[in-house]
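Okay, got some structures for you below.
Two complexes are shown next, each including subunit A; its partner changes from subunit B in the first to subunit C in the second.
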Partner chain A sequence: MPRETPELYPRFGARADKCEFPMALELINVSKRVGADQHIYPTDLTLEPGCLNILLGTTLSGKTTLMQMMAGLDPLTTGSLRFNGQDVTKTPVQKRNVSMVYQQFINYPNFTVFENIASPLRVARVPETDIKRRVGEMAELMKLSAMLDRRPSELSGGQQQRTAMARALVKDAELVLLDEPLANLDFKLREELRDELPRLFADRNCVVVYATTEPVEALLFAGNTATLHEGCVTQFGPTSDVYRWPQDLITAQVFSEPPMNQAEVIKSGGSLSLAGGASWTATGTAATLGDGRYTMGLRPHHVTPKEGGGQPVKVSGEVLVTELSGSESVIHFKLGGRAWVSQSHGIHPVEVGGHEELYADVAEAFYFDQTGQRITG
Partner chain B sequence: MNKTENQKAWFFVLPVLLLVAFNALVPLMTVVNYSVQETFGDNTFFWAGVLWFEEVMNSERFHAALGRQLFFTFTILAIEIPLGVAIALTMPRKGIWVSVCLVLMALPLLIPWNVVGAMWNIFALPDIGLLGRTLNAIGFDYNYTRQPGDAWFTLILMDVWHWTSLVVLLSYAGLVSIPDAYYQAAKIDGAKPFAIFRYIQLPKMKRVLTIAILLRFMDSFNIYTEPSVLTGGGPGNSTTLLSIDLVKIALGQFDLGPAAAMSLIYFLIILLMSWVFYTLMMRNEAK
Partner chain C sequence: MNRVSRFVPALYIIFLMLPIYWLVNMSFKTTNEILGDFTLWPRQFTLENYITIFTDPTWYMGYVNSLAYVSINTVLSVAVALPAAYAFSRYRFLGDKHLFFWLLTNRMAPAAVFALPFFQLYSAVGLFDTYLAVALAHTLFNIPLAVWILEGFMSGVPKELDETAYVDGYPFWSFFIKIFIPTIAAGIGVAAFFCFMFSWVELLLAKTLTAVDAKPIAATMTRTASTSGYELGLLAAAGTLTIIPGAFVIYFVRNYIAKGFALGRV
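Right, the complex of A and B next:
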């Protein structure tokens, strides 16, 4: 399938054409090395305003380091940063009009909420009447109007984080960096803020970067996603493209929760077979594969207890764990020495330790060669 | 709610109760006992009411000792707290030097109190001590055994040397617990170092500083060993702090009644002042 279908996934708010210079943050051959450790491998990225730019990766994959380099908090080992076409590699952070929100709730502890939100404006010497107006508007937007006189320690976690976000947004920064801002919140609040976030940035002319460990968040916010793995940006593009057509096994793994199922398959003639035994007729991309060994990747929701999908193939294995998550059943089972996960709607009673038959919809499978590259056919 | 009544739980409290009774309540009650009685020897006691309390409260000697005690405590607090915070701010947060600094800082705290007194006693001697000799050699007429001013100088210097480390260690613990993100956020805002100290570090250190001030207040108000070894309260009565005076009355003159009354007053002063300190410093917290 061709990857070049941007018209299908329009990036909302095409403001670039209004500006004389298209606004963008460009990372050119940027890398970070500390001693013998390569924290970030040379990376090229162009981040644009109008939609969220998501950095998706596990803890320690380099999201925070990359963001700090974008902000100018952490010097680059190689490469350069350009903002709106201007080189800002050496510009100190306070001159860059950047704002950042952290995983911890960072506010001035002995300032009231009002003073906290006003603090960047005070540094910028904005007139008092403007400060009142802008803080008032921001508090309205963040639902903090009733708490302006309180101190951060008297607020709930969600309110503290909203205060921190209000502080980041009030100064009309050109680059807003959000480093897992929802990670320390409890579930309900996280859901709430998740819904609010895209709305907050919808009519702002700034480049927004959002780091997260959760594939669900990336899918929810749409925009563009860069997947990070051990300091490497493995793929960058519109979120749904990256999700649907991962370039390699690592990207597919980073962008899958629960983890993507993998199996060794052998192509021979017109059919494919699992090391475990099942075999099926190769169709679509699979039909174009040459004879040999490949790694097949299949997302958990394409493995179901009931027959369905484009090309169901019966597989069976010992059930290791079963979980119910809302109206979904998650079944962990063993297939050809690997742990597989099935995720399906409805409640399917299966016995742990028993032998269970499930259906893998191989029409949705990805095939990767021995180096982990996806074969696009 | 249905709670099961279980009287056996009291047995768990019993050991602590006994321990506290023997090491705190019983000795305290003995003191209370002495403070309201008069004795003429022979182990016979007569009820004296509040006589001793009145005597102590009206005694010039007690007022003078209390004055000296307050001067000492507030002077060392005024020096040790800012100095301790300043040293903690200059200490490294990461790397191999952290442990070196911490060990060096902890050293004075590990030395037994009477050894500290003895050390400074010799160190400051004008004829053979390193400090005393040096001061005299560069032109100061320094002799802590004869001149009250010099005795005070030595006493305060010794306490600062001995106890600033405690403030440093507590402040340092407060400082390292501030997440890096705060400093980054301040950097993004373009905050100057003083603003970082005033609006981030100081508020974040508030709790440990409260503890540091309370500990240093109580310890310095109780101080006995070091000044008694260093100057013994002299020259004259010039460095006779409350505790030294108390020991002189109780063991030197064997006036048990006044000494007991003075002990209780002394104890109540510390209790009251600690409470006032704590309430003042925690006032904003509760609001």
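Right, the complex of A and C next:
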């Protein structure tokens, strides 16, 4: 498949200098340090309305800290925050028009659902008739109309999170922060809310930031994605670009589930060879590599038990674990001392402990230099 | 097996209840009957003892005094402990853990240690024999206890609740009073109960720091025992009445008492 040259954003995704949108949240050299621990390394980001801005990273990668800094709940160690071109670094959270939804279902336990949703409006002294109307509409949208008189503790998890979401949306915040809002929900509910979420924000003029640990979720919501790793924003750009053209090994690894397969390869002349043995003719990006050692990255679905398209290269290793679900086979195997994963459609029964031959489509491989930067050719 | 498993707790409960039964039993007897025969229930049932207590100011003022300083103390302790516990639960500051522990060490010295300094100090500033004197003296023990209990309950509330309220636009005090205090109402009840109980049963400081105007009921009881002979029936009635406020208060926090004994920690 021919590929257009990816439009790459500079490291730390700095688009801060040009802001053509009327509304945007800009983080300028923002960092957070607590004692000797650097929680967030200096970061520049510009988040815009119109689509979801996704923060993708593992637990403890700094997603929550970054969001709390955006909200104004956590002071910045360095840098500044601008909203709509105005410096809001020192503005207390109460004076900013933000709302936030947490992973835990956070509601006011002593308020009814109605009062919970109404609370931001009450604080803002919105007239009573308006409150009634807006809460009613929001409850309708969130399917909470029947339980407005109940307490949060009498609701199911999904309903509690809907209440929290309704409260976040009822006040027309300019910045909406969603910190893994679906993580504590069971599978069915998560799917349901995943469908609803983008629609909820479709006709709102606000900057939405959505933190998640799941690459699948990021791909589903599209929008823009910033990958986070140990307090570092490694890449920022349209979600599909970040997925298809990761800048470096860490970004590729953060944005891959199951984890991306890695192997040492040696380029010599016109061919590439695995430390394990297999070798093949270098084509595409690989052809432009100079002689030397590289790290090859290959997503699990490009390693299959049956010979597929592209440029299949036969690899073999000891099978460690197999997971066969309804329509998908996941085979964990050992290749040259590293754990590899193959993910393929259909059921491919293989014997655990046995030696299995699989096909790696090296046309889809990424190549990284010794510092972990992807070589784009 | 089944019989034993019922018999043992039954025996234990009888053993626990016996002194209380005996106290109540005695309070309905005349002093002569108490000293004369051994009777399991009052032969000559009398309310005379209670009537004496409710009509004689030297008796009933003891209850009024006790209730007055205990109430002042409970309100004072909880009011001071609430913001303190919030700080310990939500903020990290220099020496916070040491300070938190040091609070509890106040409870480790016997009350007698503080009796003399308090007596001298209160006499000097004119607080001697007032409700406030006893109430203040008891805060020395009760504030640390209330802080520990409330801190435990507060730490059970996720700090995201505070943050959500700030994001919604609540200023701190508005959030604290409208949302946070109702959320930890059970904890406040338990803390108040413990303050009430400690202050209600404490005798030494209360007796030392009062003479006439603020004399607690327990002090009244000890003195009556040494005047014109024995008035055991009267004393038993006074004792019975002393149990009632505690039983009354415990009823309201009965579901949370265990958590209170664990200082609010699960």
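Note that the second predicted complex is superposed on the first by the 355 of 377 C-alpha atoms of A that agree within 3 Å, B and C clash if a C-alpha of one lies under 4 Å from a C-alpha of the other, contacts with A are read in each partner's own complex, and residues count from 1 in each chain.
The definition used in the following text is that contacts are C-beta pairs under 8 Å (C-beta built on N, C-alpha and C of every residue); 3 or more make two chains touch, one makes a residue touch a chain.
Everything numeric in this text was worked out from a predicted model, so none of it was measured.
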Superposition on subunit A - do subunit B and subunit C clash or fit: clash
First (subunit B), second (subunit C), both or neither touched by A:89: neither
Contacts of A:100 with subunit B and subunit C, given as first, second, both or neither: both
Which superposed partner A:123 touches (first subunit B, second subunit C, both, neither): both
Which superposed partner A:240 touches (first subunit B, second subunit C, both, neither): neither
Shared contact residues on subunit A - subunit B and subunit C: 68, 71, 73, 93-94, 98-100, 102, 104, 106, 108-111, 119-120, 123
Residues of subunit A that touch subunit C when the two form their complex: 68, 71, 73, 93-94, 98-100, 102, 104, 106, 108-111, 119-120, 123-124, 164, 167, 171
Subunit B to subunit A touching residues, read off their complex: 179, 181-182, 184-185, 187-191, 199-200, 203-204, 284
Touching residues (chain side subunit C, partner subunit A) in the complex: 158, 160-161, 163-171, 174, 179, 182-183, 185
Footprint of subunit B on subunit A - complex, ascending: 68, 71, 73, 93-94, 98-100, 102-104, 106, 108-111, 119-120, 123
